[in-house]
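The same subunit A turns up in both complexes below, where it pairs with subunit B and then with subunit C.
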Partner chain A sequence: MRRLGWIYLIAIFTFIFLPVIVLVLFSFQDSRLPVPPFDGPTLKWYVQVINDRSMMEALRNSAFVAFTSAAIALLLGFLAAQGLSRVILPGSVLMRGLLIAPMTVSYLIIALGLLTVFNNLGIRPSLWATGVGHVVINLPLCFAILFAAMGDHQKNAERAARDLGASELQVVFLISAPMLKPALLAAYFLSVTFSWDEFIIAFLLTRFDVTLPVEIWSMLRSGLSPATNAIGSIVFLVSISLLVLLEITVFRKPKS
Partner chain B sequence: MTLEHEERRRAFGFVAPALIWTCAFFLIPFAVMALLSLAHLEGRAIIQSYDLGNYIKIFTEPSFFKSIVVSLEITLTVTVLSVLLAWPLAWIIATQVPPHYQRLAIMLAVLPFWTSYVVRSYAWALVLGQNGVVMQGLIGIGLLDEPIQIMATRTATVIGFVHFFVMLLTLTIYSNLIQLSPNYARAAADLGASGWQTLRHVILPLTLPGIMTGAFLTFVLCIGDYITPQILGGNNELTMPQLIMLQLGRRGDFPMASALSVVLMAIVTLAYAATARWLKMERV
Partner chain C sequence: MTADVSLKSIQHSFGTFQALKDINLTFDAGEFVVLLGPSGCGKSTLLAILGGFLTPTSGHIKIGGQDMSRVPPKDRPTTTMFQDYALFPHMSLRKNVGFGLQMRGQSKKERNRRADEMLELVGLLDKANHKPHELSGGQRQRVALARALAVSPDVLLLDEPLGALDLKLRRQMQDELKAIQREVGTTFVHVTHDQEEAMSIADKIIVMNQGSVEDVGTAEDVYMRPKTLFSANFMGELNTLPPTQGEPATNTVNCVRPENIGQAGDVSMGQAVLENSAFFGTYHRCHFRSTGNDKTSYIANFPVGTVPQVGQEIPLFASNIITLETDT
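Moving on to the complex of A and B:
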């Protein structure tokens, strides 16, 4: 039984890590095809990707859209969670349902809906249109995380602050937001990741100012190349660094 | 009374921006799309005819109806395989790994989650291709004489999907497992259950919420995904998202693309209705 467990673990971890190992390993490939036998190492594909103007442009676009749309989603989600956790409003359940609803709808459908409406209104595809779509997909996530994180002790602290004469804005930004800091950071970071990695909305709603996944997609059409491995490895490295940073700064439990 | 009234007005003010955003950029677009699905294309002009022509076409023409069947078959296969592979992994991490290292183990198990989605499908294309490491490796150790065609088949699509969703399900099942009190297992052991019986009749049913939440997420994300089938599965058989993109790309048939989207959405709603009683969504 124990040995069976070990065999299973080795098999499943091989399965999970195989594509990542192949991706990173063959980004150092010397010849033009990222398939065995491995004949590297070389950094020339990294040099090529970093000197690729349209790739770097796409990287900047992605970063801009991710950080901006996540900030808007976080603000809207935070305010909504504040409002709905404070008092029971008529139609509370309906409002919560509406705010969560986009979570269960495919990104493709959200993208198609926005494309249809923007077409009718004569709004051209752009980075901004993509940003609007990314707020739609991240708002439910931010709302759900923050709503779940708001508890009674927080309501009490807010009430106390109000009794002591704090204004509404002071309560929200000096009491509620600091108390929810881990949840806020988690929601923000997740939203940034989802927006950064999102393909179909960006694909349908941008034309010239494309994001990184769309740029990588068009790179795939010209066939396999170690350059694609290189940009993929860079993206992976950035995500992992962010994750580790977040893990040691925000989520590290105080030693007890 | 007026104080409470004032309080409510304020609370509503907080919720309003998010509601307006969701209505303007989600609800209304969806309504417009639903309306558009009742139109049809003449040449390049969209004629709003308010008929069910597109839907009749979807359910009667084999080329359209087949995409529904293909999508459902792939999605159900992926969901079942992912649950079967993820559960033991989650269980081993939750019960066999010392608590101090569990967080590290789970982060390691889902590390490839953080590669870009498009890049992950591309990486599988590298791995599974005719000259990829799997085929070359199998030929190298003498199990195969020549490479088998996996790329551009359904098998490749399923492998790519299962890889992603095993990680997702491991997370949902693991978080369910660690919330279970160890007393359940102790009580079962006291009552004479063997290790296997405890696992099968006590622990497994208690993880049903985690399994169902993950399975529902898998279903929704899998059936609506365009990238994985497009990169790994090729164009031999089309899934619904691939067919939708084809309608848009080839002749700008927005009405048909909308109708297909509505059908896709209806399938997801049915899946939700089927799993709703296990989903712990009332918390959010």
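Moving on to the complex of A and C:
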């Protein structure tokens, strides 16, 4: 039984990580095609990617869109959650439903909708338009995470703060936000990750300045190359670093 | 630091439910007042109205002579100690206790000095740099008290603060609360459903039922000389004496506490048989059944060593009889 458990463990991790391992391995491939047999190792593809100006430009664009749109989605999601958890309005349930609804709509549909709206408004495709799209997909996520994290505990602490003389702004900055810190960071970094990876909206709503997934896609059109693996490995390294950072700073259980 | 409170014709409704019906009360400055009643009697609603968390449907509240009926919690000279303590989990005890002073714009040095003073008052100065999650329930309780008192409120409101503690700790905290109240002199308004707790700490007990005040007085008043049958029953066990034969029917009833029934006393209750008894440390709780026509059963507390045999028939006497109007 015990051995079966270990076999299962290895199998499941192989299943999850094999694609990533292959991707990273063949980024060190010496020949021109990232297919077996492996004949590396070399770092020349990394050098090529880092010297590729349009690729680096795309990397910067992606970071800009991801961090900015995630910040806006977080702010809007926080305000919505704070409001709906505190006050009972007519149609509170409906409003909550509507806020979360975009999660169930496919990114393609959202992208098409935004494209149509922007066209009618005369707004050109751009990084900003893409950013708006990413706020649309990440706002429901931020709202759901933060709303779930706001319990009675939070409400009582806020009430106590008001009782001790705090203004509404002081309540938000000194009590609500610090108490929600783990949820706020989780929502923010998840949003960054989703925006960083997102392709369809970025593809339809950018034109000259593109994000990394769009740049990689256009690179793929000219065929497979270990350079694509190299950029993929860099992206993977960034994501995994963020995750590890988050794990050791935020989600580490306090010793009690 | 301390102030008197007056409530005039306070009414409050939640939708069609009338939670408070015409409450008129006054508390003296520096008094330890306990609002006592079963759950749903309106005592917590009344406390929320005092704290400003609810605006009464009608009526007026004055604290220290000033009308506070429409003043929000943060501008009232009241602070509340909440049932679940509501400490700020991300702040040290010192910052928790100093929070109210921070909101009043006091310097860090000044508020830390005051916070340490308050923590010393509740015996937790050595834990000033700890976070709330490192404390036990009783300790959190004390921090909540220190935090509420740090801003020197005129009136401190306590919403069933001891409800979550075990019995022994609760008794200990009651004594501490009382001692601290004596020391700071602030008017305390304390909500509870535990009559023993009320008797052990209150200068004035207010018995409430179904949104109305049933009785007001010292522990002795409400226990020995209750104004209503509800109040009498809520404060402790009560025996109802059958109406005397031949007298005209009235709407009053004679009652007697278990400790006021004995083998000697003011009024004869006739013969009764001891059915069973149980030992309670300082007394025996005895169940008697009258051998008269009515077969009434009585509960009597007999001093240790004076209990008859089970099955023995003895004459019973009552003293300190309470005469009350029946509800109907």
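Here, the second predicted complex is superposed on the first by the 241 of 256 C-alpha atoms of A that agree within 3 Å, B and C clash if a C-alpha of one lies under 4 Å from a C-alpha of the other, contacts with A are read in each partner's own complex, and residues count from 1 in each chain.
One rule holds for everything that comes next: a contact is a pair of C-beta atoms (placed from the backbone, for glycine too) under 8 Å apart; a residue touches a chain by one contact, two chains touch by 3 or more.
Predicted model only: the values in this text are computed from it and were never measured.
Steric overlap between subunit B and subunit C is absent once the structures are superposed on subunit A; the two fit side by side. In the superposition on chain A, A:188 makes contact with neither subunit B nor subunit C. In the superposition on chain A, contact of A:35 is made with subunit B only, not with subunit C. In the superposition on chain A, A:213 makes contact with subunit B only, not with subunit C. More residues of subunit A are in touch with B than with the other of subunit B and subunit C.
When the two structures are aligned on the shared chain, A:133 is found in touch with subunit B, with no touch to subunit C. Once the two complexes are laid over each other on the shared chain, residue contacts for A:46 go to neither subunit B nor subunit C.
Closest contact between subunit B and subunit C, by C-alpha atoms in the overlaid model: 6 Å.
Counting contacts as defined above, no subunit A residue meets subunit B in one complex and subunit C in the other. Subunit C makes touch with subunit A in their complex at residues 51, 53, 72-75, 78-80, 82, 84, 86-90, 99-100, 103-104, 133-134, 147-148, 151. Remark: subunit A residues 152-153, 156-157, 159-167, 170, 174-175, 178-179, 181, 254, 256 touch subunit C in the complex. Subunit A meets subunit B in the complex at residues 5, 8-9, 12-13, 15-20, 22-23, 26, 33-36, 76-77, 79-80, 82-84, 86-87, 89, 95-96, 98-102, 104-110, 112-114, 116-117, 119-120, 132-133, 135-136, 139, 143-144, 147-148, 168, 193, 197, 199-200, 204, 212-213, 216-217, 220, 224, 228-229, 231-232, 235-236, 239-240, 243, 247.
Across the interface of their complex, subunit A is touched by residues 4, 7-8, 10-19, 21-23, 25-30, 32-33, 36, 85, 88-89, 92, 96, 107, 109, 111-112, 114-120, 122-127, 129, 131-133, 136, 163, 166-167, 220-221, 223-227, 231, 241, 244-245, 248, 254, 257-258, 261, 264-265, 268, 272, 281, 283-284 of subunit B.
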